[in-house]
Amino acid sequence: MIKTGIIGATGYTGVELMRLIAGHPGAELRIVTSRSEAGKAVSDFFPSLRGIIDLSYTEPDTKALSGCDVVFFATPNGTAMHQARELLDKGVKIIDLSADFRLKNATEWEKWYGQQHACPDLLEAAVYGLPEMNRKDIKQAQLVANPGCYPTAIQLGFLPLLEHKLVDPGSLIADAKSGVSGAGRKMSLMYHYCEAGDSFSAYAASGHRHLPEIRQGLQSVCEGELGLVFVPHLLPMIRGIHATLYATLKDSSVDLQGVYEKRFRQEPFVDVMPPGSHPNTNSVRGSNVCRIACHQPQNGNTAVILAVEDNLVKGAAGQAIQNMNIMFELPETTGLVSAGCYP
Amino acid sequence: MIKTGIIGATGYTGVELMRLIAGHPGAELRIVTSRSEAGKAVSDFFPSLRGIIDLSYTEPDTKALSGCDVVFFATPNGTAMHQARELLDKGVKIIDLSADFRLKNATEWEKWYGQQHACPDLLEAAVYGLPEMNRKDIKQAQLVANPGCYPTAIQLGFLPLLEHKLVDPGSLIADAKSGVSGAGRKMSLMYHYCEAGDSFSAYAASGHRHLPEIRQGLQSVCEGELGLVFVPHLLPMIRGIHATLYATLKDSSVDLQGVYEKRFRQEPFVDVMPPGSHPNTNSVRGSNVCRIACHQPQNGNTAVILAVEDNLVKGAAGQAIQNMNIMFELPETTGLVSAGCYP
Amino acid sequence: MIKTGIIGATGYTGVELMRLIAGHPGAELRIVTSRSEAGKAVSDFFPSLRGIIDLSYTEPDTKALSGCDVVFFATPNGTAMHQARELLDKGVKIIDLSADFRLKNATEWEKWYGQQHACPDLLEAAVYGLPEMNRKDIKQAQLVANPGCYPTAIQLGFLPLLEHKLVDPGSLIADAKSGVSGAGRKMSLMYHYCEAGDSFSAYAASGHRHLPEIRQGLQSVCEGELGLVFVPHLLPMIRGIHATLYATLKDSSVDLQGVYEKRFRQEPFVDVMPPGSHPNTNSVRGSNVCRIACHQPQNGNTAVILAVEDNLVKGAAGQAIQNMNIMFELPETTGLVSAGCYP
Amino acid sequence: MIKTGIIGATGYTGVELMRLIAGHPGAELRIVTSRSEAGKAVSDFFPSLRGIIDLSYTEPDTKALSGCDVVFFATPNGTAMHQARELLDKGVKIIDLSADFRLKNATEWEKWYGQQHACPDLLEAAVYGLPEMNRKDIKQAQLVANPGCYPTAIQLGFLPLLEHKLVDPGSLIADAKSGVSGAGRKMSLMYHYCEAGDSFSAYAASGHRHLPEIRQGLQSVCEGELGLVFVPHLLPMIRGIHATLYATLKDSSVDLQGVYEKRFRQEPFVDVMPPGSHPNTNSVRGSNVCRIACHQPQNGNTAVILAVEDNLVKGAAGQAIQNMNIMFELPETTGLVSAGCYP
């Protein structure tokens, strides 16, 4: 059994990690920490875990945590970078669900996250945990930077187009929509039921923190300079991301469907739907699958790729478990095979 | 491995049964039937099952079905009663999720369901599948009538009060609220997103089909004539039932909390919350738990019991699996231990 | 033109008051105050008012406010009581949408609101602004205590039963459900989209602040001691209250429908629906109507009354305008005649 | 008073038309027709109109309708074209909210709507009722083709870019999202609460009927061949359209904000928001405003225009009233000035 710990398990990625670890046959949860809730039973904080998780929150303590094989950071940005080295030094593997180790360039990171990076040297050592791109490196990694929710769907959707040089890399548009849980379990008027409910809007249209992360990943698989417009929107729903991706095809006679099916045939968590499909976010609710469909309206030169995922699963906690499975040489789907909770 | 089949698996209880059986370590799904969708892949019909269920729908065929150890009916009311005997005769156990075998009294059934009962003699043989009341009988049963969604929450909530004779049995009020999936996957203007969304109303206030089922169950555990007012309401949400139950206490100094905790201590799927709690339906989304809290406003003589469940799980498919586990002498929680999908 | 001002117009009752006054042919908005937003244009704060309201928020200033004919308090509880006397002394009429003047008994108020009342002598002078009960007094009032949202629906629903002595006054149960806007535009985890959305629960089952207000009103129209159990619930929707009311009939052969139709025939904002109806909250969204239906399940001795309203209109701002119309001798429906915003 | 009639007033555009006409000081509703509901009181069909509309549905009868000054068709596509000529011949003006007269090219119409056009000669006479483009022609029109909901938002959003030749007309992308009411009050599994709720997907990505309508309008204001990709999506909400529009700027130093403000300064129902804004659909719920914001991410060469409207108001019934006001020389905002119903 892999001994696991979670730091900062009071948010939505934390509770989702606990749900998934509780159902994982090869891992057990040893420690969950929270500075603010230390001493409180996890199941008092999250009634959905009553009878499932018997632990109480503790203060984050390196000594105790170093008894774990792997520690997940489910903390706000700017926390993991202060605690990672100590745990790594003790031989604990780390999967960080925050943004601290996602960018290779510390200057870029500091620009978007508004603070100095505490350990820029670890940025190079960290492996970006998108298995469909970096499986081999993840297997060897001590420190995995788990991708953001938007970057997962958007990169998976664009990868085949760029890897096969099918599109002009300067023409990418990602019109992405997220359920409210993507913003986390923090209070903000924007996420009040009466503001987010029965309404819809874009946000951060002039620049969102996930932009450099997506650019870094996509640039790494394409020649020529990447040009990407990324506009996120907030959906009146809880879980789910839908990315609608546009790119200009070099040759409009390409067999998009075939390219996508081939690219992802071996991938257990990317599902290319039949031609003409429109994936619904509710088909992946609670599951680790990213479901993709390819369109080419009026057979023109614009590829339209639709990609959905559950932002808390494939976009966060599920992908973290997938990475853990790879790092510990378990079958990659262990603990992640259940069907989505539809309807 | 228990060989299972599902008749009529194109609705919400059907897809939920498939999700649960797919995750059940001791059961496998052999046959799923649908007259209207015969020949179609299940996963084309329900994209959430892509990669999970490889079967195609077939015509309901007794010969093929008789290779199953147990067959679930997820059909509309009035279907199972025509096909049950043939399967029973071949030694197949049946768990019927429709209302066909829930009432003992055929005349009462015919009055509420507006048709003649096809096999009234089986009504007596059928065991009402509420494990918390009838576990022993279920163990021996060939034919289990799986309870309705409202009746499950309402009976579990009232049981301790009546069993311990704590309340006037003539004073019961069940103000119950259900998510829309309780009405099934059928088209009706009432369930159109623009009608059911962002709105709320009661329905069938003068009499709902679940009333005789609840009365039958509660009457069986109480002396004196039961008086029950049951008002169902439609919630603008997908899954979940919340029953708010009122009864007049004979003695307002009773320790309700203690009574409930003791009654359900051994029950794996009934969770009595701490004093002062208000269970949320989202704490049981996708899980088989019925979560209950006890209140006694202003220490008066009215007991207020709050009970929540997922109408598709403990209120339908999950309870059916629980019954299957009992009938086949598996640990009762097999395949039903996962945490709710919160948020 | 009635010159109006609003104190504390940054919440949902405030923005609704502005919407209604903007559409009122006999009133104009002169001043809107907010300590926190002083200097900011109202339409920057509430984009729905762009092009509708040209004012900016100002600091609450008695001198400026005393140029108004009437001032609405849309402030949190405990604010109006500190500023009311000064305005009254200057001849300004006050309609307070908070709870400060709703209870006649200062001790009771202090118990439920957890603070000392600043001007208990005004409690007697204040008129409780439920026109269907107190129209005559409202006409003469200088200070109107606008009813709470739950108390409006619940009192209107119970009134005919009690006024006609049709029920045992000790047997009342109000199972009430409110949309999230009833809690106001304040941040709380409970109102986060991911907590309140697609879920349902009761709250404050052991005692809610609206209880003494409802009791005071209903007690005033009945003989014998009132016994009322009131359980509020939070609905996953924005606007709307649904009260499901239960009471034990003294004589089950009474013509409930006739009693209700007669009682409210002259009331412009209470609509008794035809027999067998179930009012939907979406039928009153944005309108000042309280819509009521009467049921008597199985012709038994329990009356079940269903009452819906928009908590921000008949339950708050609309009723305040109705009271203003009465106080200034305008036709009572002035500015309140528009149809609900359905769907 | 303008005497108005509505043909086919049992859907969402019909009920919205009735709501708006009821509040219009210069128009009265004389006749509402419905073949299926003839004889039934409108307010029995739509409880939100109880006390507002006293009419009953009648069979559509040309003689009776010819007493109207203007008749609105709120019928499914393919109905108005059979009845329009007769009414026009009697001097009745027509505002058709269906698609029958929106395209100038009958062949194109027949291709997208799958039926023969009954009166192709009227296509030329019909005026496309987008006042911001065609105000002068609308003033003279006998027959107005009221624009579709998507086309209204998308054309208003793109107009300034094309009129001023700021973008490559072959580069347009319209990623549009609509609330469910845009699909009308008809039953389809796609609009079932459990399918449309808490989920999101694209639909008709390979071609939607509004595409030729949008192309026709935009082509008319631009040189060079228009290239437009239009991908509609279904939002889990009731009212509201959000169009996110992308186009490649010829010169990235253009002052987009200035161009938009100038273009729409005189338009009563187009509101250009301050720089950096993201309009919410809830800010226009129930109102006739189209609210627009301009973005230019990273100051690059992609213009991103955000446009919101209420699909039932500016996208249907409200725009129809606006057209009526123009045709009858009333102030254009008559009956359309109320604030949106927020929250």
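Letters A, B, C and D mark the chains in the order given here, with residues in each chain numbered from 1 onward.
By our rule, a contact is a pair of C-beta atoms (placed from the backbone, for glycine too) under 8 Å apart; a residue touches a chain by one contact, two chains touch by 3 or more.
Note that this is a predicted model, so its numbers are computed, not measured.
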Interface with more contacting C-beta pairs, comparing B-C to A-B: B-C
Maximum centroid distance from chain B, chain identifier (CA atoms): D
Chain centre separation in whole Å, for chain D relative to chain B (CA means): 45
Between chain B and chain A, distance of the C-alpha-averaged centres to the nearest whole Å: 36
Euclidean distance of C-alpha centroids - chain B vs chain C, Å: 39
Junction residues of chain B, two or more chains touched: 12, 181, 185, 194, 197-198, 236-239, 279-280, 282, 285, 343
Chain B contact footprint on chain C (complex, rising order): 173, 175, 177, 179, 194-195, 197-203, 205-207, 227, 229-231, 233, 235-240, 242, 244, 246, 276, 278-282, 285, 293, 295-298, 300, 302, 304, 306, 308, 343
Interfacial residue positions of chain B with respect to chain D in the complex: 12, 180-181, 185, 187-189, 191-194, 196-198, 236-238
Parts of chain D lying in touch with chain C, wherever the complex brings them together: 12, 15, 18-19, 22-23, 44, 46-53, 181, 185, 197-198, 238-239, 271, 273-274, 277, 279-280, 282-287, 289, 291, 337-343
